[in-house]
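Here subunit A shows up in two complexes: once beside subunit B, once beside subunit C.
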Partner chain A sequence: MTQTNIKNKTFADLYSGTKDFLLPNIVRKKSTNLFDKIKLPNNKTENWRKFNSDSIFKHNYKLGKKLSVETKDLDSLSFFEPSGNYVILVNGFFHSGNVKNTDLNNNIFIGSLKDAQKTHSEIISGRLNTQNTETENYFSVLNDAYAKDGAFIYVPENVILDEPIYIMHFIQSDNGNIFSQNRNLIIAGKNTAFKIIHTYHSLSSDFSFNNSLTDIFADEKAQLEYYLFEGEGNTAAHVNNININSEKGSSFKSNIVTFCGSVVRNNIYAEFKNEFAEVNLQGIYMPDKEQTVDNFIEIKHAKPNCRSNQIFKGIIDNKAVAVFTGKVFVAKDAQKTDSAQSNQNLLLTDYARVHSRPQLEIYADDVVCSHGSTTGQLDNEALFYMKTRGIPEKRAKTMLMKAFLRDVTDKINVTGYREYVNFLISKRLKGQSPESLCSVKVCPSC
Partner chain B sequence: MLKITDLKAEVDGKEILRGINLEVKPGEVHAIMGPNGSGKSTLASVLAGRDIFKVTGGKVEFKGKNLLNLIPEERSREGIFLAFQYPVEIPGVSITNFMRAAVDEHRKHKGFDPMNASQFLRYMKEKKALVELDAKLEGRAVNEGFSGGEKKKNEIFQMAMLEPDLAILDETDSGLDIDALKVVANGVNKLKTKENATIVITHYQRLLDYIVPDIIHVLYNGRIVKTGGRELALELEKYGYDEIKKEADKRF
Partner chain C sequence: MGKDDKIINELQEKEYEAGFVTDIETEVFPKGLNEDIIKAISAKKGEPDFMLDFRLKAYRYWQEQEEPNWALLKYRKPNFQEISYYAAPKNKAKYNSLDEVDPEIIDTFNKLGVPLEEQKVLSGVAVDVVMDSVSVHTTFQTTLNDLGIIFCSISEAIREHPDLIKKYLATVVPYRDNFYAALNSAVFTDGSFAYIPKGVRCPVELSTYFRINQANTGQFERTLVIADEGSYVSYLEGCTAPQRDENQLHAAVVELIALKDAEIKYSTVQNWYPGNKDGVGGIYNFVTKRGICKGDHSKISWTQVETGSAVTWKYPSTILKGNHSVSEFYSVAVTNNYQQADTGTKMIHVGRNTKSTIISKGISLGKSSNTYRGLVDIKKSASNARNYSQCDSLLIGDKCGAHTFPYIDVDNSTAITEHEATTSKIAEDQIFYCNQRGLDTESAVSLIVNGFAKEVLSKLPMEFAAEAKKLLSITLEGSVG
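Showing the complex of A and B:
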């Protein structure tokens, strides 16, 4: 297959002759029509102003195929437990999966969304096509129109899992630049409690563009911890749409580590569908070289008595760019909303840039909403103090940067994964390049 | 040990030290007193290597080396310790990790291997007891949320950990109640040996009731204008700085 320039709406060409799309044709027809109307975001598109689509669309791509991944490629991912619950996808296609045998036959599903459409159609049907004008954008519509597979995680009512469920995506090129999409659905049933570690990696150094969409449902009183790791290589672009639906009394806690990627856009939308729910979004990003990390977050307090909290911290090196937009919408009836937001950035060079935009839109009158954004350099007073104790500048800086990220990394509640993240951060802060750290094929501990 | 000759320094083009001469020998305790703005803290900062102060003249020899050629971390490893007037808060860095890094670097400089975790914790426990530091401080971030007294005690604890040849205590008594002052002074006295030296910088003579100096210098307008024994402090306590100021203004 030849590579196609996809800038000029040629996704239809790219996908022509292929079949087995995920969404029903009737929905897809709507999406493809809509896609023809939506413009590729540019610097005049609200919510996407700083998004650098040129760096993605200047390359030609071909569709990623259903390829295999070798188990030795997983060795460097020390947090991964091959005997645990997992699903592995390559270029957006299901590769392998495992559901750990438990005494309780709990009807947990961990596997391919495409496959699950046959076995779990009732559960999936109302939850696969839930995009609305608030979540719709160029990339979500593209995903609606052409996504073929992804992960499906279903944990039914009252199930509590101690061990995490892994969703691991790999980009693998057989030759040339790859475009791939994945569509994931996570359903945390009523009264469930579990953790997900959702990771993205690339196995090749060709350019790639990955368009992900994940719908998450936290049903009544569900407690879901969602850890997202974006570790695709320095030649990988990633747009990640994540939609969170919070039902009554549910708790959704997420932690997003954006470690690599040439251009990464996280488009996170959380909506409180009922009262007494909590959404806690934390993230760290460490763009280097000419990377761009763009976090766009929108939380809709549609119902009263809910809590949301955002803490995003970034260390921006070289000529990298970080963008943070944190939007909180509080509807007229959403009284007793408690919402906090904080974005803190450390700039390591004169060329590193940050665009931080907290936005509050409040229509209720009995709410507590706070927001704050800081951008600065390392504290020179602290650096001098450390030096007077004999600690050299480089070590002192590393200690201060780790300390800066610590309140976010410490909240990672899965030991092996937390250690993996801390290990990568340490290496990175000591000056190791993101290319070498993000290449799954190079064992980072070697 | 320390020999300062005609040291001049400025900040933002403003001359603060105008020719300091001072010699400190092993085993001595020197006090530097003086009115506000006389240059006491500047002298301490210059000796520690703070780069906002520009040295414009003179020299400083420390254990035979040209101190002014060393960067702050090298000065520390060579044996200079500055107890800060305002110790800096470092959120997210625990005292244990902070001291571990510092002690590691000092040992490396002396050609020793780093201590293992249990050796280090034992060492820390020993030094904590010596300076009567509360056990609960160690799990906390460096100086974060500490009271004034806790911050100063923490400085003395760090001094105990690093065992400097020359300790410079910059207004260590400021903001301390009498009980905290006693604990701090007691720590300093316990760390005193025949081989090391201490420079106590203070505005008031109160601290000198507890840390008894051998020699007292009065710093005024960037110069040492008077040097004497213990009795000088009592004289200053009684008559204030006015007489000395008048006399100095005539001379310079």
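Showing the complex of A and C:
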């Protein structure tokens, strides 16, 4: 396959001559038509103002192939349980999966979306092309048009799972820079309660660009906890589009750990489709070197009596850049909306940068909405206090930073995964470089 | 709830009180904009060549630009060829005493509650009255002259003090800054100029009143205030405009320059015609206001009360270049009916130990939309910079919108920025508490709104605070007793 320079051509050209796309042609046609209107973002595109697009578009890419992972690559991911519910994907293609065999979850589906289109077409139809064109998101349109596979998780009505479901994506290159896409669909049926751990890792040192799209449906009274771990290395770019649809009385809690990656953009869009639902988004990011982490969040309160909460915290080191845009949109009739948003950043060097844009757009009057954003350094008084108690400065700093992030990581409800994240954080704060930690070879036990 | 609805309805139906047209003969240029018009404006003003060059450069740049559309505003774009770019009262001889001034003008200001004589005698404010584009009257000139303070119209300054103009004009807002700044640079007809010499504390509050009078005449004001080392000045600007059904364009540029240890306090009350309750007519207000704290330990503070205009697009900004410089921004914006405001501030920290404070209060009524959009930009060189921003919005009625779009860019690890925003309506328990204490709901709403805005109103100079309260009460009438 030839390499294509993205600046001159487009990502779409990479797909010329290939087939087996996920979405029906009629939908894809609509998306490809949108390319006339929606261009690759640059620094003049308001929603992508500080996104470091050049570092993605300067490379040549070829499409990622369906490759394999070895079990030893999985060993280091200590939180992962090979006997549990999981699906593993490589370069966006289904690799392997497992549904834990109990009586309860006979109808649970955990596997490839492409395969499920044949067996679960009724459930899937109508839930695949939900993209919101208002936001002018080039990458979600690209995914609509050309994605070929991804994970599909379906938990039917009244099923409650204690153990988490793992969705694990690996990026692997046989030779050269690769571009890959994946399209995931998670459906939490009525009255369900379960947890998902969704991770991204890269196994090669070639540059890769991964464009993901995950549609999440929390049906009536579903309780879904969604943990996202972005641990691709320093040579990986990732645009992660997540669309959340909340139905009546549902609760969606997510926790995003952006640990490393050269450029990571999270486009999170949550919409309340009905009343009394709750969306809780939390995240931490720790960019280093010249990495960019860009969190773009839009929560649409279309219905009354819903609650949303955002907490995003970051420690920015070296020449890294952190961008946060959090928009809360309250529609005209969405009375009794309760929304809070907070973004806190710690800058460790004079070259680190933060761009924070918490936004409120409100058209209803009986609402309580607030947002807060702070950027600064560690509290000198707290440091001084700790030093007077005999704690060396370096250690005191580490402790304070850990405490800063723990606010978010302690909310992780899966013990093994929480320990894994905290382990990486403490290693990282002790000065270990993120790329050495991002390699899947690191684990708490070895 | 019925009573609340009634109050809200009354608020929404409130007609613009200052809507009337003064009948004075004016000289108006033909509609449209081209290089000949610009040359004619420059010739009319008797400007030196460098000004004409500047105008033409700005015009040529403007022609290449597109109108910006990133703001959260919906309006019909003005047709720039349908506007007359020069209107001046014909009877423009300089007066020595108030008696010689056209009685119509005196009457206009009396209707607005700005009795010139009274102000002159009682309040000690020197008023440089701008009726449309030509400066008509300047008071207290003698007192100011004695101190070496120059306070005159900008046209006069261009003729009399070309060296100062050459040195400072367009240094803070260059003509290439944005679409409207370029347009203003090309066609501005008048405005105010103030220069405070070294170490002088201006004893009176400098004040101008703008008033768009001639129908269909865009008003392009240019204001330049320079505070030399160690000086202090408080500058006030207030605006009202008569009722007209066609949208009028206002694209002003204000530049403030504070040198070492100088302080400029800039206060403005804006009450231009907002259009009627169906959203017909009203002023388009596209203003570029920017100050620079050029020297160390300088200070610029902006205070604004925005109650008028159909569309407001205004971001008074400060470049904190000098070390230890300070800037403050206090704003109350009230929108009613179909008014739209996209306003806020920019604080650009360049120098070390610079500090900025932003307090913004937005009140939305009717079907209006009120947006705070502000930038806090801490550059790499701004060590120990400190910013605190607070934006609160109050919604009255369920058809209005209140939005907050802060941009916070930090490039320095020793900087501390804080931003908080809240949006809410007047809580039932607050009203209940007032009712319980014997206040009717109407007075309660008024009390709460005034309390909400008080933090900003208290920053206004005494003379202005009264007028600001009056304007708030006009906009909120029905609730203010």
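To be clear about the criterion, the second predicted complex is superposed on the first by the 429 of 446 C-alpha atoms of A that agree within 3 Å, B and C clash if a C-alpha of one lies under 4 Å from a C-alpha of the other, contacts with A are read in each partner's own complex, and residues count from 1 in each chain.
Everything below uses one rule, namely that contacts are C-beta pairs under 8 Å (C-beta built on N, C-alpha and C of every residue); 3 or more make two chains touch, one makes a residue touch a chain.
Small disclaimer: the values here were computed from a predicted structure and weren't measured.
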Which of the two partners, first being subunit B and second being subunit C, lies in contact with A:Y385: first, second, both, or neither? first
Chain touching more of subunit A, residue-wise (subunit B, subunit C): C
Contacts of A:K289 with subunit B and subunit C, given as first, second, both or neither: neither
Considering only the touch criterion stated at the top, classify A:K430 as touching first (subunit B), second (subunit C), both, or neither. neither
Is A:K58 touching the first partner subunit B, the second partner subunit C, both, or neither of them? neither
Could you look at A:N345 and tell me whether it touches subunit B, subunit C, both or neither (first, second, both, neither)? second
Touching A:V368, do we find subunit B (first), subunit C (second), both, or neither? second
Using the superposition on chain A as set up above, list the residues of subunit A that contact both subunit B and subunit C. none
Which stretch or stretches of subunit A touch subunit B in the complex? 379, 381-382, 384-393, 395-396, 399-400, 402-404, 406-407
Contacts from subunit B onto subunit A in the complex sit at residues 48-50, 71-73, 75-77, 81-82, 84, 87-93, 97-99, 101-102, 105-106, 109, 141, 158, 162
Give every residue of subunit C touching subunit A within the complex, in rising order. 70, 72, 380, 383, 393, 395-425
For the subunit A and subunit C complex, residues of the former touching the latter: 46, 50, 332, 335, 345, 347-377
